[in-house]
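Think of it as A, B and C in the order they're written, each chain with its own count starting at 1.
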Amino acid sequence: MATAAPAVGPPGPVIAGGRRERTSSWPLADRVGYWLCWATGIGICLITLGIVVFMFVKGIAYLKPSLFVESPAAEAVQSRSGGFLDPIVGTLIVSILGIAIAAPLGVAIAVWLSEYRRPSWLARTVESAIEVIAGTPSVVLALFGLLIFSEGFLAFLSQRASNGSVYGRSFFAAGGVMAVLAIPLIVGSTREALSQLPVRLREASYALGRTRATTIRRVLLPAIRPGIATGTVLGMGRIIGDTAIIKILLGVALVNEGVGHVPLLSTLRGTGATLTTFVFENSPAGEGNAPQKAYAAAFVLMMMVLVLNALVTWLTGRSGGERSKPRRWWALARLPLRSGR
Amino acid sequence: MDLNPLRAAPGEAQRRGRRWATARLDRRAEQTLGALAVVVLILIAAMVATVFIKAWPSFSHNGLSWFGSGGDVDEQLRAMQRATPLPGHSIYYFRAWPLIWGTLLTTGAAVVIALVSSTLAAIFLTEFAPLVVRRVLDPLIRLLAGIPSVIYGLIGILALAPWINEHLISRSRKESVAYVVQLNGANLTTATLILTVMILPIMVAISANALEAVPRSWQEGSIALGVNRWRTIWRVSLRTARPAIIAAAVLATARALGEAVMLFMVAGSRGFAANPLDGLTFLLEPVRPLAATIFEESDGLTNPAISHTIYAIGAVLLVSAAMLSLAGWASKQQLKRFGIGI
Amino acid sequence: MDPLMPPPVRRIALDRDPYVAPPRATSNGAEAAAAAAAPSRARGERLPASLVRERMRAESVWLAYGENWVVRDVSLPVRQGEVLALIGASGSGKTTLLRSMNRLTEITAGAARSGRITIDGQDIHDLEVNDLRRRVTMVFQQPNPFPMSIFDNVAYALAERPGRGRRRRRSPELEKAVADALKRAGLYDEVGADLDRSALSLSGGQQQRLCIARALAAEPEVLLLDEPCSALDPISTAIIEDLIVELRESVAIVIVTHNLQQAFRVADHVAFMHLGELVEYGSSVQVFDRPQMQRTRDYISGAFG
């Protein structure tokens, strides 16, 4: 009985399975639906590929290495002079500043919401507030930022105009409001990571007599590092893509101009450009003379987004060996999406 | 082991002392974290309060007819810039209806089109598409969702708008309305199309995930009863995934509402209330949604009248976003049932 | 019987067991004697031959997943008026054979087949697949009621039937059809009062009976049951087994079970499969009492499984 069955095949013809159900016998309504699905699917393929290919082709056509190292030049013929060094630097400054403020704050809030939550009405209110931020258009956040930075107590962070009124536009201002933009993503991602931790981790730590604070500091936070990193990367992605806040809080200059004489502080107090405003300014909507530069800068921006996406994929693949499926990338945001860049 | 009874081992008292110390630390940590959370709360409250305070003069001078129609929005804004009020009105005179109408049109049309196409596309991806297509499309859709809106605006203004201008707007049509408004590639159609493409990726992703989460046993049960594949999807999978799709639609609406830069670039810069009675020309008329208006006028905020008006528009957006947030949160609660974490 | 063989497992006869039916006179005297000797319901009760007719027939069926032939050269008749039990150890191919009867194996990529399965003389692969599945319905191992109301679940297949137009909800014909199906499944008494309740609020046994009612609503000719009671408690199992025996008169029933006692209780004919081959096929009395193949004997006595 233990003998294996002989490897003989059937005498007659063998018909393979796995065929799709033949739709010819379906009622008309179902067939129409089926074809609509296919049409939409193919349409989406075409649109997606079209956009990506278009941006790649145009971007590479106009991309020159010199663009990366030259500052935008104040010349009449914009299309042939200058590069976008300043905007790249500006983008980096804004995102680093924004994340530097948002990450500690976001993680702290997420930890409080996840581990402490007392009093519970406060926790629910804070959660609603974060939802509201996540859903607020960035133009409105920018308006609010303008109020604070030009008329509030934070006026020292930007330059004063000759008549004493505060300009209200600087890297500090933009970075600060960008932090607000990134906080919901970081909070969501961190909370998600905390909720995914197995209960036994916390139990083991408490059973050893550790307090909650120590547990958080020594056990939980190290364990959710990939989750925090993912939130940070998502936040960065949102920050580098935003134009409205930059225009309102940093202006549409093309070069970074510092204010004052202290080296780092002067840049941060000054105005400047980021890749997004650079693209905007060079398009017909702005000054409009150099669509080539706009395409090149847009290409660089897209590459940044690509790199950040790949980073998120890598991070979500790493976190949680206990989960068989990688987390959906947008599920980590856990909150309403980016709105109104 | 120290047996000397006179020397207390690190015993009860000291251990209790240490515990007290760490308990104090713990409480302090909790208070610090809680305080940070409250900071965010204060921030939001401050934002809402200041925006409304700054917006109040505009509302108080116009009353409820702020939302109504009456005159040309651009004229009103120019009058404020020149600090010369329009005859018979205060400097704050503003009738935002054309802007509101533009927002409703673009956002509404984009969300409706995106809802239908994203559902169909999600069905295609999960049920009918060959695996290779799915593998290629997933990262592409993710890339598309991450592209900044200014790049969409760039594509619109440099590629789509000129094409529409050349091929869809005939000269005769332009002349027919030239006395009222200039028709060019920046119009309602361009704006709606690009807005739809902007909100599609995330909706497709959410819908596809929800469809995949439908238990196989239900689909198998339906097929075993002799119901064809399409009907199975329609009656079982879609019905189960409906809450997720609705939540995705709410989120997409929030995004579309707040879109400023792209719409500024392609929707046309005239605060014109597109008139459906114009027939086909209606689709080709320029619009200017609310968020795009804020973006456009953000340079002139030192002018008090304009500043108050723009903050009033911001207040309207804030309230809409908050209401959508609430709606989105409510619909997400439904999703918890299926373990779909958005 | 071989005196060294342990006797086949029988259900313990209870005193005053209400389900014990007095043995009826059958055409086979020996069978009647055997039935009288072992008090068990339904086992001795075969329907008279006039009510038994062949509905489906598998002829030299081979089925493969990928490289392996999971079912090898199986030929079986399926008759209305009797219950056919497919028994065997895990991996014997019995579930695959069952699923091939309503072409459910087709939806798996990498599945291959050879041979013929016919229903009323017609090759099932010549029929339109959804028509076939309406005539040959299936109930699965895990109860899988749809997330709808009880009424909508049972009416599900009915609302899809083409040619009769879309029946409006709550039309009298639909209500009657649903009530009939629930009665046939023995569920109407328990849920008839409120058919708009969610189907997911029922207990496991009730859900499985709901799935049976759903399958019956389409008025199938053959009912395929894939280990329907393996996830249920004994009381629900007993109720469903009674149901199966009652239904066999109007529907041909094929049941896959790894529970020998259940096959013993329920089946009229038994097919024992091992590693894809049909080892033995015969009436349940014959297979359990006088198995002809050594492998059958080993399986029934529990030497492997």
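By our rule, a contact is a pair of C-beta atoms (placed from the backbone, for glycine too) under 8 Å apart; a residue touches a chain by one contact, two chains touch by 3 or more.
None of the values given here were measured: they were computed from a predicted structure.
Undergrad: Farthest chain from subunit A, going by the mean of C-alpha atoms per chain?
TA: Taking each chain's C-alpha mean as its centre, the farthest from subunit A is C.
Undergrad: Is the C-beta contact count larger for B-C or for A-B?
TA: Looking at B-C and A-B side by side, A-B shows more C-beta contacts.
Undergrad: CA centre of subunit B versus CA centre of subunit C: separation in Å?
TA: Centre-to-centre distance between subunit B and subunit C: 54 Å.
Undergrad: Based only on mean CA positions, could you tell me how far subunit A sits from subunit B in angstrom?
TA: 15
Undergrad: Quick one: which residues in subunit B touch 2 or more of the other chains?
TA: Each of 228, 231 in subunit B touches at least two other chains.
Undergrad: Check each residue of subunit C and list the ones that touch at least two other chains.
TA: Within subunit C, residues 107, 130 contact more than one other chain.
Undergrad: Which residues belonging to subunit A are in contact with no fewer than two other chains?
TA: 21
Undergrad: For the complex, give me every residue of subunit B touching subunit A.
TA: My answer: residues 22-23, 25-26, 29-30, 32-34, 36-41, 43-47, 50-51, 54, 117, 120-121, 123-125, 127-129, 133, 137, 139-151, 153-155, 157-159, 197, 200, 202, 204-206, 209, 228-231, 234, 251-252, 254-261, 264-265, 291, 294-295, 298, 301-302, 310-311, 314, 317-318, 321-322, 324-325, 328-329, 340-342.
Undergrad: Please give the residue numbers of subunit C that touch subunit A in the complex, ascending.
TA: 60, 62, 64, 69, 72-73, 105-115, 125, 128-130, 162, 274-277, 294-295, 298, 304
Undergrad: Okay, in this complex, where on subunit C does subunit B touch?
TA: 102, 104, 107, 130-135, 137-138, 140, 142, 144, 146-148, 156-157, 160, 211, 214-215, 218
Undergrad: Provide the residue numbers of subunit A that touch subunit C in the complex, in ascending order.
TA: 1, 4-5, 9-19, 21-22, 25, 27
Undergrad: Of all residues in subunit A, which touch subunit B in the complex?
TA: Those in contact with subunit B are residues 20-21, 23, 26, 30-31, 33-34, 36-38, 40-41, 43-45, 47-49, 51-52, 54-55, 105, 108-109, 111-113, 116, 118, 122-123, 125-126, 128-144, 146-148, 165, 180, 183, 192, 211-214, 216, 237, 240-244, 247-248, 276, 279-280, 283-285, 291, 294-295, 298, 301-302, 305-306, 308-309, 313, 328-331, 333-334, 336-341.
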